[in-house]
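In the part that follows, the structures are each spelled out as C-alpha cells.
Across the two complexes that follow, subunit A remains constant while its partner is subunit B and subsequently subunit C.
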Partner chain A sequence: MTTHDHRTAEDAEALTARLTLDGVEVPFAPGETLLEVSRRHRKDVPTLCYDPRLDPFGGCRLCVVELEGSRNPVASCARAAEDGMVVRTTSETLEGYRKTLVEMVCSENRQVDVDPLSGYASQELRELADRYEARTGRFEGKRSGRSKQDDDNPFILRDYDQCISCYRCVRVCAEQEGDYAISVKGRGFDTQITVEFDGLLKDSACTFCGQCVQTCPTGALADRKALRHVDTPGEIEKTRTICTYCGVGCSVDVLTKGDTMVGVQPAMDGPANVGALCIKGQFAYDFVQHEERLKTPLVRGDDGELHPTTWEVALDKAAEGFVKARDEHGRHSIYAIASGRAPHEAAYTTQKFIRAGFWSNHVDNCSRA
Partner chain B sequence: MSNPLVDMSKPDTIFCIGTNMTECHPVAATGIKKAVARGAKLIVADPRRIHLAEMAELYLPLRVGTDVALLLGMAHVIARDGLVDEAFVAERTRDAEEFLEHVEAFTPEWAEGICGVPAADIETAARWYAEADKGAIYYTLGITEHICGVDNVQSLCNLALMTGNIGREGTGINPMRGQNNIQGAGDAGALPNNYTGFQPVTDPENQAKFAKAYGHAVDLEKGMTKVTALELCGDAIRAMLIDGENTVVTDPDRKHCEHALRSLDHLVVIDIFLTETGKLADVVLPATAWAETDGVCTNTERRVQRLRAAVPPQGEARPDWWIVSEIAKRCGIPGFDYTSAQEVFDELCSLSATYNGLDWETIDRGEYQWPVPFKGHPGTPILHQGEFVNGRGLFKRIEYRDPAETVSEEYPVWLTTGRRLQSYHSRTQTGRSSGIDYLLPAETLEVHPDDVAAWGLVDGGRCRLSSPRGAVEITVRATRRSPRGTVFTSFSFDDTPVNFLTGSGYDPVTQTAELKVCPVRVEPLPERVSTSG
Partner chain C sequence: MPLPTDDDLVARWKDEPAPLLPLLHAFHDRDGHLSDDALRAVSAGLRVPLADLYGTVTFYHHFARFPPGTSAPRVCTGQVCRFQGGLELLEALRKDGATPMPCAGRCDDAVPVLEGHTVKVGRTCETLEARSSPLPPPNPDGLEECVFAAIREPGRATLEGYRATGGYEGLAAAVAGAPETLLTTITDSGLAGRGGAGFPTGVKWRAVRDAAGGPKTVVCNADEGEPGCFKDRAIMDHDPHAVLEGMALAGYASGAHVGFVYLRYEYPETAAVLERAIREAEEAGVLGDDVLRSGFAFRVHVRRGAGAYICGEEGSLLNSLEGKHPFPRERPPFPVTHGYDDLPTVVNNVETLASAAQIARRGADWYRGLGLGEHAGTKVISLSGDVLRPGNYEVPFGFPLRTLLHDWAGGPGEGRTIQAVTMAGISGGFLAGDDLDVTLDEPAVRAKGSMLGAAGIMVFDDTRDMLEVAHACMEFFAHESCGKCFPCRIGTQRLTERLAGAAGPDALDGWSGEVRDIGAVMKATSACGLGMAAPLVTESLMRYWPERVAEHVESLS
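The block that comes next holds the complex of A and B.
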C-alpha cells in the first residue's frame, strides 16, 4: 500500500498527461484548454472574446495556436488539451494573423483609445492595438453596431459604435448573472447587441449589475457614472475593500482620483463574488462624498436645536450625560446599540464601553429589526 | 451560513424559504441560478410570487406566517415515507423518536388547511428535499421576523437533521445576513447574552476571563435586548448610545420608538448623516463612512475581510472606534488608549475563541472563515462536519402558532414588508446616490389586480393603509406578485413610513419583531379615486 492509493483514475491521468508547449514538455490537468495551459506557463497569448469566468466562445480567433497535425491554426480557448499534443503559441505566421485580426477589429470602431473609467476590461483592445501596431487604417470602411442614444439610463452607456461583437456582454449576462437580458440581432455587419424588443435597459430583464460593462473590452458598454469624472484631474488609483451593502461581502476596488471617489469596479478575484456585483455595490457609492454628510459634531442647545460645535465640547457633553445617568440612576440605566453597518472595531468598542465602563451587558446590535 | 457561498451552485435540491434573494442578495442568487441551469431542483416557499418563485420548479405560495405548518407537513411526509436518513439520525442526533412521533399528527392535508399550499405540493417538496444527495436550505428575514422566528428556524433544522443534509458540501442551513457587518457586530460581542466570539456572559469562567481583560467583573446576568431597552426608555433606561442605526425608521411601531427615544435623559447618536434618529439626539457625532474607514467586516458565510480607506474623511468625521473610545476615556473607563483600528481588532481576536487564529495581518486577503481557533488553522468553510458544536443535533418538537395579530373584519388584509433591489433600508445611502431614482423614484403598495378592483382602488392611485398603530398613504400598484388578500411594500421611503403600522408582536426568545405580518385595512383615498367611475 502506498499513500497514493486513494487517488482516482482521473488524478492519476493528471499526473501523466503531457503536451509539448513551444518545445517544452508540460503537464496539464484534465479539462484544461490549450489557452489555460499556455497562460499557466506565462505564454502571452492574446484574446479579446475571452473571459476566464465564461464558457469558451472562440469568436475573436486571436488566441489561435499552431497544433501539429492540424492543417489550420486552432482557437486555443476552445480546444481541450490532449496527451501528446505539440503546440506553438507564437510564430511569424501566427503574429501576422493576429495583427491582421486586430487591424480589422480596430477598423470597426470610432475610436480605440477609450478612458479607463469606462470599465474594468475596457483597455483590452487598446493594449492589443499598441502591441500589434494595428492603427494602420488598412481596413477603414464598413462598421457594425449602432449606439443606442435614446437610452438615457444614468448607469450604462450603450455606445455600440464601439462594439466588436465579442458577445462577452451577452454571455456574462447569461452565464454569470443569469438574467439573459442581453441578446444579439443580425449577423455580419448587421450584428447589433440589444435587449428585448430593442428597447431600453430599464424595460428589459436588466438589473443594472454592471457585469456587461466590466467585461466589455472596448468601452462600448461603459460606466456612465464613472465617466462623469473623465476631466477630474489625477491618475486613477484603486483601493481594494468590501462592499458596504448586504451580507454577501463582495470584494470591490474603489476608484479614486486624488481625494475624489470616481467609481467602483468588482474584484475579479473576490472570494465571495468573483467579479460579480449588483446595482447597489456597483453604482450606489456616491453617498460617501455627498454634500449632506455630517461634517461636524452637533450638540443640542438651550433653544432645543442642534448646533455645530467642536469635538472637545461634544465629547465632553456626550460623556457627562452617561456619567450623570450612572450617578443618578445607577449603572444599569445606560444602554448601547452597536451598528451592523460599521466595522468590527465600532461594535467591539461599543460593547466594551458598556461592559468595562458599567459592568453590565446592556448592549445589542440592530439585528432584531 | 453553515456552508460557504461557493456551495450555492452545488446542491441537487435547493429549498429557499422566506428569502427574496435576487433583490436582497443578488450576487448570492447568481449561484442558485447556476445550480438551476445545471439541472438542480429549486423549491421556493414565499407568500409573494417573487422572481425566485418564477425560477422555481416548485413554488409553494404559503400564507404569511404559516411556515411552521408547511415545515411540519414536510417533516410528516419524510417520516411517513421512510425518507429519514437513519444512519445520520442514529449517529448524530438526539430525541429523534419523540420527534418522529410528534410529526405523525401533522399531515400535508392538515398543513394545507393552515398554509394554503396544496397537500400534493407539500409531498413533492418533502420528497425532493429528502431524496437529494445534496439538499440545501436558504432563508432570510421571511423566516426570522415572526413571533415564531425561532420555531421557524428550528423547523428547518429538524428537516436537515432528518435527512442528513448538513455538514457536507452543497448542503446545510444557510441564513443570508442582511447587512454588511451584522454578523461581525455579533462576533464582536455587541449582544446582551454573549461576549465577543459568542462566549455566554452567564458562564463564570467567561466572567473571570473578561474581568481580567476589562479590569472589573461584568454582571453574570444577561443584559436586556434592544426591544426591552426601548420599552424602558425614560424609566429604567436613562441614557443611550446609538451607533449607525436609523432606529426610528427601521424598527417597528415608529410612534412608540420616537416616544421612547424622546423619553431619554441623554441620547448620543453616531452616524454619517443627520438621520431621523439623530434629530432626536442630545449629541450627534460624525463618523467616517465606508471607503473612508480602515477596519474589518464578516460576511454571511463567516468570512473575515478587511475594509480599506480609499478617500479622506468628509469634514471632521472620525472613525466610530475613536469616537466611542474618546467618550469612554472621558467617563473614566480604562482600556481605551487605542491608536488604530488594528489595535482594536487584534484585542478582539485575542479574546475570541472563534477568532484566536486571526489578526489584522492574517486576514489581509480574506481567506478565512471562522471559527479559526488557533494560528495556522485553515478556517472552517463548512460547519458541523463530523460533529455538532454541542455534540448531537437536537430535534425540537414545534407546534404551529398563529401570528400575533390575524386578519379581522376591521383589518382584513395581510401586510408583509421587505426590501427592493435598488434601495437599501432607510435609503440613507442609496437615496443619496445619483441615478437610483431613475429606477425607483417612490414607494408603492403591491396589490393583486383582482383586489385592486374588489377594494375600489385604482392602479397608480392613492390609498390609505392602516393598522391599530397608525396609518400611511401610499400609491397602489397592481401586480400578480402579490396573492389575493396580501399586500406588500418596503420601509425604505420616509414619505411612506410603513413602520408606523408594524409592531404587532415579537419572538419570545430573540425578541425579533414580527415585521413580516401585520393585518391592515386598505381604503381608497377619495380625492384620487373619483376618476375611476
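The block that comes next holds the complex of A and C.
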C-alpha cells in the first residue's frame, strides 16, 4: 500500500534524531512510528490491521519488532520512534511469532483465498499466508464471525465468516468517512462487526461509500458489484483516472477485464481523496455499459419520432439548430451543461465548443453543484 | 413517585463528568434492561453515535438488552464457587431465568447470587440470604498490619468511627504541608502498586505532578475482576474512608482535584457504602471545595462498571470511564501523561490508596519496617478454595506461603493434602509440589515462573482435577478477552478448545506443540496483561501434571 505521507530521505537527513534499524543508523522525523521508519527503509514488516490513513491500533501484532531494553517485542505501528532506539525488524523468533499468528488467523476463516475483485486490500491475508507458508491447518477450531446473509443491499457483501476482527472497517468509517455507521459487538472470539441494533446497512448511518470494502484485508466486506464479474474472462487491469461526478477530483482506478469495465477502486495516492470515495464514484458506473445506452446518433424526423442516422447527418442537423438560435436570439441564447457521467474529454470539448464556437462563457457542468 | 422520564435521566447526567456509564445505569435500573429506545435517548442526549453505543453496550456482560434483565438472578460460577455448589445453584435458579456470571469476588463466602442491586449468598436456594461481606479474619500470629490495622474497629466504615481511630489524620497533616513532603514520604515508604503491577506509587504520583497539562485526575481502580480476588471489596465495604483518604492524598500530591472510583458491577452494596462515605466526608468538609480548610479542593465520583474483566486493565478502564469501547490502550504513552481524557492521571488500586492513607499518618519508616527482610510493607492476600478458613489475610512481604495456608488458614480439609494453588488470582497460573515452598513476594514467586500480582490465591486439594480447573480458568480468559488483539482473541479460544477436547490434535506431540506455540505468541505479543498471563495456566498445567495432560489427549483419539 502506498502511503500519502511519505517523507523523503533528504527531509529526514536534515534531522538529528537517529535510531538503529537492523544494524544501520537511520534518521527519522518527529512523530514517525517505528513501522513508518521501517517501511521507509523498505523493511517488509507484515501487518493486517494497519492502514496508513488510520490512527495506529495495534491489533494484529504482526508488526512487532524487537526493541532493545524492552522485555517483549513492541507493536511497531503504535510505537513512536525515539532517539537512540535499537530496533530489529526481523529475527528467527519474530518470524516464528508471525507465522504462528498468521496460522491462527487462517484458522478462524472459511477460506484464505478470495477473488481480488473483492476489494483493494482483499489480498493481504492471502499474501501473508503464502509468505509464511501458513496453510498448515494448525490451530483449527471454531470459526469466528457470522455472515449477514439477510443484507441484500446491491453494493456491500457482508461475509463476516471471513472477518478477522482487525476493525479497519470500523475505524475507516469513523476516522476517514465520519459516518460512525459500523461498530464492534460483543467481545473476544465472539466479536462481530455490526451496525446499530444488528440491522441492515440501508437502515443504518452507512452512506455506502465503500471505504470499509476497500480497506478490508480478507474480503469479508466485499464489492458486490465487482464480484458479478468473477467469471468474466481476462486479467484485471487497472487504469488510473479521475472520477467525473463532482469537482473534488478523486483519483480512481477503473478495473477492466478485456473490454468490460468490472469495477472501481479508489487510488490510495490520489492527492484529492487519499483513498476516499463516495457511493457515486465507488459504485455508480453501471451506465457505462448499460444496454439502454445510445450507441448511434438519433435525429427527430418530420414525423416527430427519433430515427437512427449517421454522425454526419446528426452533426449537420445540430449545427443548423445552433446557428439558427444564435442568429435569431444572439450568442447568449446558447448555454451548455456537461454531464458528470461523461468523460473529462467531453467536458473539455463542451466548454471549448461554447467558448470558441459562440464566444460565450455560458457553460457549466452538473458536477459543480 | 413516578418513574423519571428519558429526558429527566439525560438531564441528570449529561453535564456530569464521565456521564456515559451512570446514564446507561440509570436507564438499566429504571427499566431493568437497555431498550432500543433507551439507547436512542442516550445517543441523542450525549451525542454519541448510535452504532458505537450499541456495540459498546454489548461489550458488558451485565447490561441486559432485553427483559427479564436485572430481575433475573446471576449466579457465580467462578472456580471456587463451582466447588461449593455454584453450578447446582445455577440449575436450581434457571426457573427464575438465572444466568451464570464469572467470579463475583465473594470466594470467602460462597455462592454469591446477584439479584438487581442485592448480593445474596448461599449454597442452595433455601439458604440464600443477603448479608454483609465478611471482615478479614485476624491473623493468628498477631503480626502488625497496615491496611487492616483498624478495619475491625466497630464503626470504622462511618466518618465518626474512622476519625476516632486515626482516620484523616494523615490527610490533615499532608495538606498542612507541601505536596513535596507527602511525595517524599510515599516514595520512601517503598509502597508499590498493589493491583499487581507493582509500580512505585511515589514515582507515579510525582510523574503526574510533573506532567504538563491538566486538569489532572485520580482514578481508583476498584474493578476487582480477577477470579479469586476479593480484597478490595473487603477494604471498601469496611474501611471506605481509607480509600477516599488515599485518593485525596494522591490528588494533593499530584495536583488533581477530581477522583473517580471505578467500581465493578458485582459490588452493588459497596457502591452504596462508598456513596454514603463520600456524602459524609463532603458534609464534614473532609472532601469538597476546601479539604480540611486547607484550600485544596477534591471531589470523588463513583462510576460503576458493567461486567468486564478487561476494565481492570488501566487503559480499558480509562476508555470505559470516558464512554469509549473498552479496549486496552497502547503504551506508551502511559496514564501519568495520557490518562483520563488524555490528560495526566494517577490510576491506583484500592489497596494501594488505603495503604497510602496509613503511611501518611504513620510514616515511611513504619511502613517499610512491616515487611520481612529486605521487603517493604505488606500485601493483602485473598485466600480461598480448599482451606478451612478462607478470607483476606494481610501478610508482610516475604511471608512463607505454607505458613499462610496451614497455620493461618487451617490447611486443607480432614485427610486431604494441598495439591496446588493459583497465583495472582488465576493470572499467575498454578504452583504445586515443592514450588509451594515459596515466600510471598514478587521476586520469589516470579522465580517459580509465576507472579504474585493482585495476590488472589485459590487452593486445590488432592481431589481436584487440575485439567478441569485449567479448562475453567482458560474459559474465563476467553470469555473476558476483549477482542482487540489477535493473539489473545484467538489464542484464549484455541487453548480453551484444546483443554475441553473440542478441537485440536489428538496426539500428544501435536497437542503440546500447538499449546506451546499459542502460549509463546500470546506471552510475547499480546496487547495487554490478559493475553500475556493466560498461557501461564497451560504452561504450569503441563509442567506439574504431564500425565494428566497425556491422559486427556489420549482420550481424544
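Everything that follows uses one rule, which is that the second predicted complex is superposed on the first by the 299 of 369 C-alpha atoms of A that agree within 3 Å, B and C clash if a C-alpha of one lies under 4 Å from a C-alpha of the other, contacts with A are read in each partner's own complex, and residues count from 1 in each chain.
Here, a residue touches a chain if its C-beta (ideal position, glycine included) is under 8 Å from a C-beta of that chain, and two chains touch if they have at least 3 such contacts.
Just so we're clear, the structure is a prediction, and the values are computed from it rather than from any experiment.
Peer 1: Go through the superposed model and pick first if A:Ser107 touches only subunit B, second if only subunit C, both, or neither.
Peer 2: second
Peer 1: Looking at the overlay, does A:Val184 come into contact with subunit B only (first), subunit C only (second), both, or neither?
Peer 2: A:Val184 contacts subunit C only, not subunit B.
Peer 1: According to the stated criteria, A:Ala342 is in contact with first (subunit B), second (subunit C), both, or neither; which is it?
Peer 2: first
Peer 1: Looking at A:Pro271, would you say it contacts subunit B, subunit C, both, or neither? Reply first, second, both or neither.
Peer 2: first
Peer 1: Touch test for A:Val195: subunit B only (first), subunit C only (second), both, or neither?
Peer 2: second
Peer 1: In the overlay, work out which of subunit B or subunit C sits against more residues of subunit A.
Peer 2: B
Peer 1: Does the superposition put A:Asn72 against subunit B (first), subunit C (second), both, or neither?
Peer 2: Only subunit C; A:Asn72 stays clear of subunit B.
Peer 1: List the residues of subunit A that touch subunit B in one complex and subunit C in the other.
Peer 2: none
Peer 1: Touching residues of subunit A toward subunit C in the complex: what are they?
Peer 2: Contacts found on subunit A: 48, 56, 58-62, 64, 72-73, 75, 78-80, 93, 96-97, 100-101, 104-105, 107-108, 138-142, 144, 164-165, 174, 180-191, 194-198, 204-205.
Peer 1: Given the complex with subunit A, which residues does subunit C contribute to the contact?
Peer 2: 36, 39, 49-56, 58-59, 308, 310, 325, 330, 332, 478-487, 489-494, 497, 502-504, 514, 517-518, 520-521, 523-527, 532
Peer 1: List the residues on subunit A that touch subunit B in their complex, please.
Peer 2: Interface residues on subunit A, with respect to subunit B: 153-155, 176-178, 202, 207-209, 225, 237, 239-251, 254, 256, 259-261, 270-273, 276-281, 283-290, 292-300, 306, 311, 314-326, 328-329, 332-357, 359-369.
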